[in-house]
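Next come the structures, one after another.
Each of the next two complexes has subunit A plus one other chain: subunit B in the first, subunit C in the second.
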Partner chain A sequence: MTALLRPVLALGLLAALWQAVVWAAVVPERYFPPIATVVQAGMSMIARGQMQQALFDTGSRAILGAIAVNLIGIGLGLAATGAPSLRRILDTVAAILQPVPPAAVVPMAVFALGLGWKLYAFVVVLVTIWPPYLATVSALAATNPVLLSVGRMAGFGPVAMLWHIRLPAAMPEILAGVRYATTIALIAVIVSEMITGRDGIGFLLFQKAFAIRIPEVFALMFAVGLLGSAMGLAVSAVYRGFAGWHLAQRGRAA
Partner chain B sequence: MKRLFLHPAAVLLAALLAWQIVALVKTTPLFPGPLDVAGALWDDGPRLIREIGHTLRRAVAGFALAALTMIPLGLAMGRIRALGFVGEPLVAMLATLPPPATVPVVMLFAGTGDLAKILVIAYAAAIPLVINAAEAARNLHPMLGLVGRSLGLTRLETLRLIALPSALPMLAVAARMAASAALLVSITSEMLLSTNGIGNYLQREQENFRLDAGLAGIVLISVVGLILNRLIAASERRWLGWHYQSRTAETQA
Partner chain C sequence: MTALLEAGGLAKVFPGRPDPVEILRDISFAVAPEEFVSIVGPSGCGKTTLLMCLAGLLPPSSGWVRFRGQPVTDPPRGVSVVFQDYSRSLLPWKSARENVTLGMRRLGLGRAAARDRAEALLAEVGLAGFEGHFPWQLSGGMQQRVAIARALAAESALLLLDEPLAAVDAQTRADLQDLLRGLARKFRQACLLVTHDVDEAVYMADRVLVLSRRPTRILREVPLALGAERDQIDTRERPDYLAARHEILTLIRAARPEGAGA
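Right after this comes the complex of A and B.
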């Protein structure tokens, strides 16, 4: 009950705050339109099919990218745990590439890969692969020694140990990395769209902003927020599936 | 021998060598080799330093703004139930809005100057700080709250003397995320709202087909990011040594 009540309450509060700012007229209405105007702008963009198209473009890139990148990252993490020399190499590459922002590689990637899906795949993989990789490596290395002793007593070999003990124990931390990677996948896609300027929500946001269509800009921001929430909810569902025990344990401890 | 062969530095060197050979074969300015990049790094050195200075100045300002406002807010949200009840879902909702998506709106209010960029950076850095501060303050050990009460501390004193220090380990994690977010968003905002800074340099040089200079800029960003990470890790060890010591003691026991 409260789980449903709180977001509704927060949304209501946000709407009230918004409307209060509009009525107080601290910002010119041109720059901060009432909610009704924003909803209207969003509706007309939906009626023209613009909104769905942009959401589909951005959403498909971000969601497919996030799924692929998380699977590759966790896979690399598992491989690196098995082969320490691979881990040293990947750690070096991660340290070098991690500070590079997605925006910085976009212009060059456009030269090399064009404006199609390859561009987005490259940018998303390059910048988002590291959180799941690093989380997997560090979580697998930090299994509770007591659990490892239990495994040895059960006569587990290295593979059984990994599958039945180390991986499940590492899941909460790995999924924290997955959650982080999923948010940056969306960011990377939107930034790329802003810079390449062809399609998607990022492009539309800039187009409307430069045309000073403020209600449309706010409506698009709301749509981006919804897309982000949907992706976050999907990660939460995965979390409950794989690491629900962790939530239950925490709930009892608190 | 095998150890030496697989050493990260050796692998890196081999990769650079392979890259140089391909570049020599291709002989086009659209595929610069590592030597071209090093040359561009040397030629544009003073300019690069100046541009990254702008970038770092804004990143630090945005980070500081976020830390000064969001840590107290987060702690208060964790300790004062009513505030947390409405505040947390609100923050969770905002957290799904990627920082670059706020650029168009910030641009309308604050133009394209320093202030606009600092605000976007502060927004990006604020999210992990406020979430972790609230989480840490909420999960405060109940005993610590009782200690505060038996010492007769006021609400504000409890926040400052008990909630803040015990939240520090989680805040350190958040600070690391916020610092890298600040640097990333600082560069991104320069590419979108171009006036100066390393992001602007990248954008301009790559549009002029000076790919070697573009790569030089990326190399510089990577080095600066590495140094920043090292600095944060070192200061964490220095100030939070007590936390990690007690943690190791726990796992050994």
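Right after this comes the complex of A and C.
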């Protein structure tokens, strides 16, 4: 009940605030339209099929990208944990590439990879892979030594230890990395769409903004917000599945 | 009688800064099958370090450990440990039942058999009805019982107990003392109980080893003959109980550095 009520209340509060700003006329109405106008703009984009298409383009890129990149990041983290020489190489690469923002990568990638899926795959992997990789490596290296002793007493070899002790213990930290990566995967896709200018919500946002179609810009912003929230909820579900004990434990300790 | 566990000339030096830290110096003793031995020593003297060496979890700097005549390098089958840091020694993502079945892995039981046995053991330590609870849903004393049940689950010939009752209240503590002794006798297990509580050491044991301060040696072995059945009130009033207690406390006081507080 409260789980349903809370988002409804939050949306209501947001709408009320929005209307308050409109009525106070702090920003000219032209650039900050009433809610009803924004909803109308959104409806007409849906009627034309434009909204669904953009959501599909952006959503599929961001969601598939996030899933793939998190799996690869965790896989690399596992591999690096098993092979210290690989870890040294990857850590150096991470240190160099991690600070590069997605927008800086796109122009070069457009020439090399064109405007299709290869571009998005490249950009998303490059900027998103490091949080799950680094989280996996650091969490697997930080297992509570008492738990390792318990595993050794149970006769676990390296693989059983990884599977039964180190990986489950590392899950909360790994999934924190996954959550972060999922957020930046969406950002990376939107920014790439803005720069490549062909399709997707990022492209539409730019197009509508330059045409000064403000209600549509706001409608698109809401659409991205919803997409982002949906991805966040999916990560939360995965978190509850693999590390729910951690939430419950923290809840009790608090 | 052949010894179950033997240690000879055991020493442990940790590489410290600026100088290496010598923790254990020349520890030698043996534990017979089904014998209950207590080890008392001041905190920080290296009791946990000693147990970890005996369990094959930590290589000694010199000396040797043998279990059933075999040199110990890795944790041998037939030895179980109740860790001092018991709340951290339980897997928080597993229920009490699953934590106990972890102790049975080396027995190679089937799933259903392991589950039944885990539930029987949890009932034995007074946790019937809590099988599905997670460690963080249990009180400290209950977590400790789960850790004890897990150690018992392995049907080990030797239990190494690292201050297992240090963090529970007095009544629970007395109950768990009797429970531990009773179960060790029932399953015919030898126990090596580390504690800093002299009364507990004497009450539980057939023999007490008194450790010095660091670098740690065995100051004295105090044999006891308090009988197989112990009673929280009567045993603690026996003249030989009181004499052993007196002897050990005097020894510990004499070993204290000058000017140390109570």
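To be clear about the criterion, the second predicted complex is superposed on the first by the 253 of 254 C-alpha atoms of A that agree within 3 Å, B and C clash if a C-alpha of one lies under 4 Å from a C-alpha of the other, contacts with A are read in each partner's own complex, and residues count from 1 in each chain.
Just so we're on the same page, a residue touches a chain if its C-beta (ideal position, glycine included) is under 8 Å from a C-beta of that chain, and two chains touch if they have at least 3 such contacts.
Here the structure is a predicted model, which is why all the values come from computation and not from measurement.
By the touch criterion defined above, A:Gly155 reaches subunit C but does not reach subunit B. In the overlay built on the shared chain, the residue A:Arg48 is in contact with neither subunit B nor subunit C.
Among subunit B and subunit C, the chain that touches a larger number of residues in subunit A is B.
In the superposition on chain A, A:Pro168 contacts subunit C only, with no contact to subunit B.
In the superposition on chain A, A:Gly232 contacts subunit B only, with no contact to subunit C.
Looking at the shared chain after the overlay, A:Lys118 reaches neither subunit B nor subunit C. Comparing the two complexes, residues 144 of subunit A contact subunit B in one case and subunit C in the other.
Touching subunit B in their complex are the following residues of subunit A: 6-7, 9-11, 13-14, 27, 31, 85, 88-89, 91-92, 95-105, 107-108, 111, 144-145, 180, 183, 186-187, 190-191, 194-195, 201-202, 205-206, 208-209, 212, 214, 217-218, 220-221, 224-229, 231-232, 254. Residues of subunit C that touch subunit A in their complex: 52, 55, 57, 74-75, 77, 79-81, 83, 85, 88-89, 91-93, 102-103, 105-106, 134, 136-137.
Against subunit A, in their complex, subunit B makes its touches with residues 6-9, 11-12, 30, 85-86, 88-90, 92-105, 107-109, 139, 177, 180, 183-185, 187-188, 191-192, 199, 202-203, 206-207, 211, 214-215, 217-218, 221-222, 224-226, 228-229, 251.
Contact residues on subunit A toward subunit C in their complex (touch as defined above): 144, 146-147, 149-150, 152-156, 164-165, 168-169, 171, 243, 245-246, 248-249, 252-253.
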